[in-house]
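Okay, so chain A shows up in both of these, paired with chain B first and chain C after.
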Partner chain A sequence: MPRIGIPRALLYYHYFPWWEAFFVSLGAEVVISPPTTKAILDRGLEHAADDVCLPVKVAVGHVLELKDRVDAIFLPRLVSVAAREYICPKFLGLPEMVGHSIKGLPPLLSPGLNLYRGGSPYHFFAALGRALGYPPWQVLAAYRRACRVQQQYKRLLESGLFPEEALAALRGRHDAAAPRDTMGSPLVAVIGHPYNIYDAFVSMDLLGKLGRRGIKVITADSLSEENVCRGAAHLPKRLFWTLGRRTVGAAYHYLQWGRVDGMIHVSSFACGPDSFAGEFIARRAHRMGLPFLSLVLDEHSGEAGMVTRLEAFLDMVERRKKYREEGSAS
Partner chain B sequence: MRGYLGIDVGSVSTNIVFLSERGEVCEAVYLRTRGQPIRALQEGLGELRRRLPAEVSVLGVGATGSGRYLAGLVTGADVIKNEITSHAVAASTLVPGVQTVIEIGGQDSKLIILRGGIVADFAMNTVCAAGTGSFLDQQAARLGIPIEDFGRLALQSSAPVRIAGRCAVFAESDMIHKQQMGYSLADILAGLCEALVRNYLNNVGKGKEILPPVVFQGGVAANAGMKRAFEKALGMEVIVPPYYHVMGAVGAALLAREKMAARRPSKFKGFGVTEARFQAAGFECGGCPNACEVVELREGGEVLARWGDRCGRWSSSLGLQNVG
Partner chain C sequence: MKVTFPHMGHLWVSVAAMLQYLGVEVVVPPPTTKRTLTLGSRYAPEFACLPLKLNLGNFIEARELGADTILMAGGCGPCRFGYYAQVEHAILEDLGYRYRLVVMEPPQRHAGELLAKIKYITGHRSWLEVARAIWFGFQKARLLDELERRAHYLRPREVRRGSTDRAFGEALKIVAAVRHPRDMAKAAEQAHRIMSEVAFDAYRPVLRVGIVGEIFTLLEPFANYDLERKLGHMGVEVDRSIYLSEWINDHLLFGLAGGRRTRKAACRAAAPYLNHFVGGHGQETVGSAALYAAQGYDGVIQLMPFTCMPEIVAASILPKLKAELGIPVLTIVVDEHSGEAGLITRLESFVDLLHGRKGVEG
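Then we have the complex of A and B:
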């Protein structure tokens, strides 16, 4: 029974149940790297190219974490996950970057997923199954099962669970499946890539900090694809980066929705698409008079600076809310 | 005499004010922090105590600045607030109707946009210090000019030199170049002010709608050359309020007054804290690969607080508030 390592990084937050169910159905054992720590980031910094973004450096650290514990590491080459859209080029080159900069790695499982011209992701899984030496009928059955699990995961996310909660619910922990209460307030939309906002180390525990201050949080991941598309349709031109389109689409949707009291955009330094997606969102939020905070993460970020900005932002949210309520009461 | 204490422990200076019940500044103390925030705070409180009448009664304490949690623990603050909110509250109280606050301190700079008396947007400088007071400090030192004379000299300039202010390192080589070409000191100093203002407006002020009245506060507002450079760049009057250098502390005191309006007893430990022996020490936790640097504050033998750990293992072990 092969042990397959999956790094807890990048699109793990989007697709982990899909990948895990596929491997497990084939009879493989799946090992996930532990949540990000300073040691994981430091090792990633040592081995990653200088000019990549923070999340890619973190991903390299997770690969190193798995290196001596598994028979193979699953590091897919994600080119496109939707028609006429692309995933960031840094994801595309990740298998090469890792393969060339880390010595003594177990074999990398890096099938390519490219749905730019449409088609089914089945070919991706078929290549993966072939590489592992399983017969086609078994691969097809595992693929079907994996797709069902991924559908279920998406439904859990859309019910308002955050990825780790949805994963726990998939594992049968029903206490984790209670839908998130977004009633009452203040309600803040946290917009950013899942690998930035749900990684408590990278985001300096942004979601935990908000929770402890009594703030309710919603993110892009509880939105259906239709809502994201409607939001992104306000842009003058189609955004062809899938992740950037999700970010802008979700932010625009929440701005239109009118029930959030503030919005935080989380981006990583050196992320090209984030730099302008953030600007699109900031301009619209300002036009609508919604409190907005842009948090840029990198490996040098001091927590003190982040806490100061966050506190000032929350004061702004609360004072504005109080002022409006007093205004409408009198 | 009754009133409120406002304490602002910043990276460069520690400021303490005493505010009357009506919100007027009675006394203000401004000290250099010199890397020892607790000592600066104790010295400042001692100085304030000497200036105030003997029968003074403190109704509430507010702490702000990057050392706000430390200051709050040492003195027993009733309110601990970030610098942005404190500066905004002070500016809008002392200059009613203010719509823009420019605050430049030693290590950081901020821009706060207010509309209808409440904060609508803000920005702080990021990693670069080229838009802050330490940049001016450094360049003045290089030119051998006391920072106090900087503004007066810069005002004598009639044709400021253009200096590349995008980066402190390049600004310095550019200044040397201009100096060797024979420009006057006044023109170079005024040029530096303009470079810093340009840098501030491009970085911190990027995309922000700056409307009058504009208030300029923080230590750098003492520099008349900077005020003039802002007025020139913005094309509008820039107001430097009285107490511009201690506005953060004024804001903290005003926030304490707001909170204590319900007449609850203050947590202030009394001026005796100036005599107490506080010790702050750090250690690296070996509990997990995060290797957090934990800071411990002790008064005498007793541990008052710990912070810096991501998981709460140390900070929560005392049953005290989780700082940050």
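Then we have the complex of A and C:
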């Protein structure tokens, strides 16, 4: 029974159930790296090139974490997960960026997932199954099961759960998914790439901080694809990055919707796609006069500075909400 | 209608030729300077890559000269260039610069989209005339590439310092001044003659360095602090992995002029290190570095703008190639904060290193 390591990084937050179900159905054992810590990041920093963005450095740290504990590491080359879209050039070169910078790695399982010209992700899983030496019929069955689990996971995300809660719910632990119903509390849209907003270490526990302040949070992942598309349709040209299109689409949708009291855009320092997507979001948010906070994360981000800015932002959000409620009450 | 377009090295010579041949009024932006960069980086997103900031500065300065229509190339990812025009246009609009935007890019739905854009710019001209114009511009680019290659050879070997630059400057003027395709042959002859008059010492030992990286930074001397000339004067013969005519072929001719062989060869050479395209010229960067090593070059310099995604991928793979092929590689990252003095120091110590190695080996 091969032990397969999956780094808790990058699109783990979107696709982990898909991958895990596939491996487990085939009879493999899946090992996930633990949640990001300072030590994981530090090891990533040591091995990754200077100029890469924080999420890739974190991913390198997670790979190192798994290195001596598994028979193979799953590090797919996610070229494209939707027709006529890419993720980011760094996802295209990830297996090499990681493989060439760490010595003594177990084999990397890095099939390419490329749906740029449409088609089915089956080929990706078939290649994966072949690489592990399983017979095609078994691979097909595992693929079917994995897709069912992934569908369920997506529905849970769209119901408003965050990834870790949705994962717990998938495992039947519904208590973890207690509704965060905070009637009457301000609603803030947190917009950003999943590996930034849901990694509590990387985001300096942004979601936790907001929760403890009694703020209700929505993200892009609780929106259906149709709503994202409708929001993104306001762009001058179709945006060809999946995460970029999702963030702009969600931000535009929430801005139009008119029920959010503030918006936080979270991005990585020097992130290429976000330098454009963020520009469109910030311009529209400012034009609409919505309280807007842009958080840029890198390995030097200090928590104190972030807390100060967050406080100032939340004060504005709360003041605005009160003002509006009084306005509508009178 | 007064059409402008962004600067990228000698690109203006080609594009102005195409448009003027068709009777389109052209506003070539003033040469890129510090002011261009300051304007561009003031209004561009902080983490936008340098070419976008310079484009933006060019458009603001061209506006001051009366331009009202922007002609841009486009693309469909994964690197940012495919969305440049839209971001730039949105910023200009918010600043109150009203520009019409025409983006030449592979049509999304049908070829008619592209043809309609060409008609919009060129008006009543026949397709034959349009094709001639594009070919005319392309010929100019090819000629300039030849002249530049010659300059690369001459600079480290010139007898009188600066004579290559002077000759190239004159040749460039001659090429830029040609208004009709029928005069090209004569201009080419003149330009080549000027270059051939530069006295040089064929036996002088020189270092050979291959320059790879992001295309804009390679082609635009303002962005790379005139790297090729600086190296030439330090006694280095340079070669560049990409030339202007290749960019025009890719972005304005959509590959019709053929000759993508060099690109394929570079990608093949990259395979052991990076076996997938990563957008931009990232894979070519890795492949060209490998090819330069195989051809016995003394070193490789990678040029890239800060935050450039394909080149970051390449940069994180190059150390491996460097270790395996034993060729020194210097990566230079440029942005609006980089300084010339620091660059010169780094170049000098890189050249010293190469000299040292050559001395040891020879």
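Assume the second predicted complex is superposed on the first by the 321 of 330 C-alpha atoms of A that agree within 3 Å, B and C clash if a C-alpha of one lies under 4 Å from a C-alpha of the other, contacts with A are read in each partner's own complex, and residues count from 1 in each chain.
Keep this in mind: a residue touches a chain if its C-beta (ideal position, glycine included) is under 8 Å from a C-beta of that chain, and two chains touch if they have at least 3 such contacts.
Note that the structure is a prediction, hence the values are computed from the model and not measured.
**Q** Which partner does A:Thr37 reach: the first (chain B), the second (chain C), both, or neither?
**A** first
**Q** Based on the superposed arrangement, let me know which partner A:Ala48 touches: chain B (first), chain C (second), both, or neither?
**A** second
**Q** In the overlay, answer first, second, both or neither for which of chain B and chain C A:Tyr134 touches.
**A** neither
**Q** Considering only touches as defined above, state whether A:Phe22 meets chain B (first), chain C (second), both or neither.
**A** Touch partners of A:Phe22: none, neither chain B nor chain C.
**Q** Taking the superposition as given, does A:Met316 touch the first partner, chain B, the second, chain C, both, or neither?
**A** In the superposition, A:Met316 touches chain B alone.
**Q** Touching A:Trp241, do we find chain B (first), chain C (second), both, or neither?
**A** Only chain C; A:Trp241 stays clear of chain B.
**Q** Let me test your reading of the model: by the given contact rule, A:Phe162 touches which partner, first (chain B), second (chain C), both or neither?
**A** neither
**Q** Of the two partners chain B and chain C, which one touches more residues belonging to chain A?
**A** Of the two chains, more chain A residues are contacted by C.
**Q** Output check: A:Arg84 vs chain B and chain C. Expected answer is one of first, second, both, neither. What do you get?
**A** A:Arg84 sits against chain C, while chain B stays out of touch.
**Q** Share the list of chain A residues that count as touching for chain B in one structure and for chain C in the other.
**A** 279, 283
**Q** Write out the stretch or stretches of chain A touching chain B in their complex.
**A** Interface residues on chain A, with respect to chain B: 37-40, 201, 205, 212, 279, 282-283, 286, 289, 291-292, 296, 300, 303-305, 307-309, 311-312, 315-316, 319-320, 323.
**Q** What residues on chain C touch chain A, complex-wise?
**A** Those residues of chain C that touch chain A are 45-49, 76-80, 82-83, 86-87, 89-91, 94, 108, 273-280, 282, 306-310, 312-317, 319-320, 333.
**Q** If you look only at chain A, which of its residues touch chain C in the complex?
**A** 48-49, 51-52, 77, 79, 84-90, 92-93, 96-97, 100-101, 112, 235-241, 269-276, 278-280, 283
**Q** Using the touch definition up top, name the residues of chain B that touch chain A in the complex.
**A** Touch list, chain B to chain A: 66, 81-85, 116, 118-122, 124, 126-127, 207, 288-292, 310, 322, 324.
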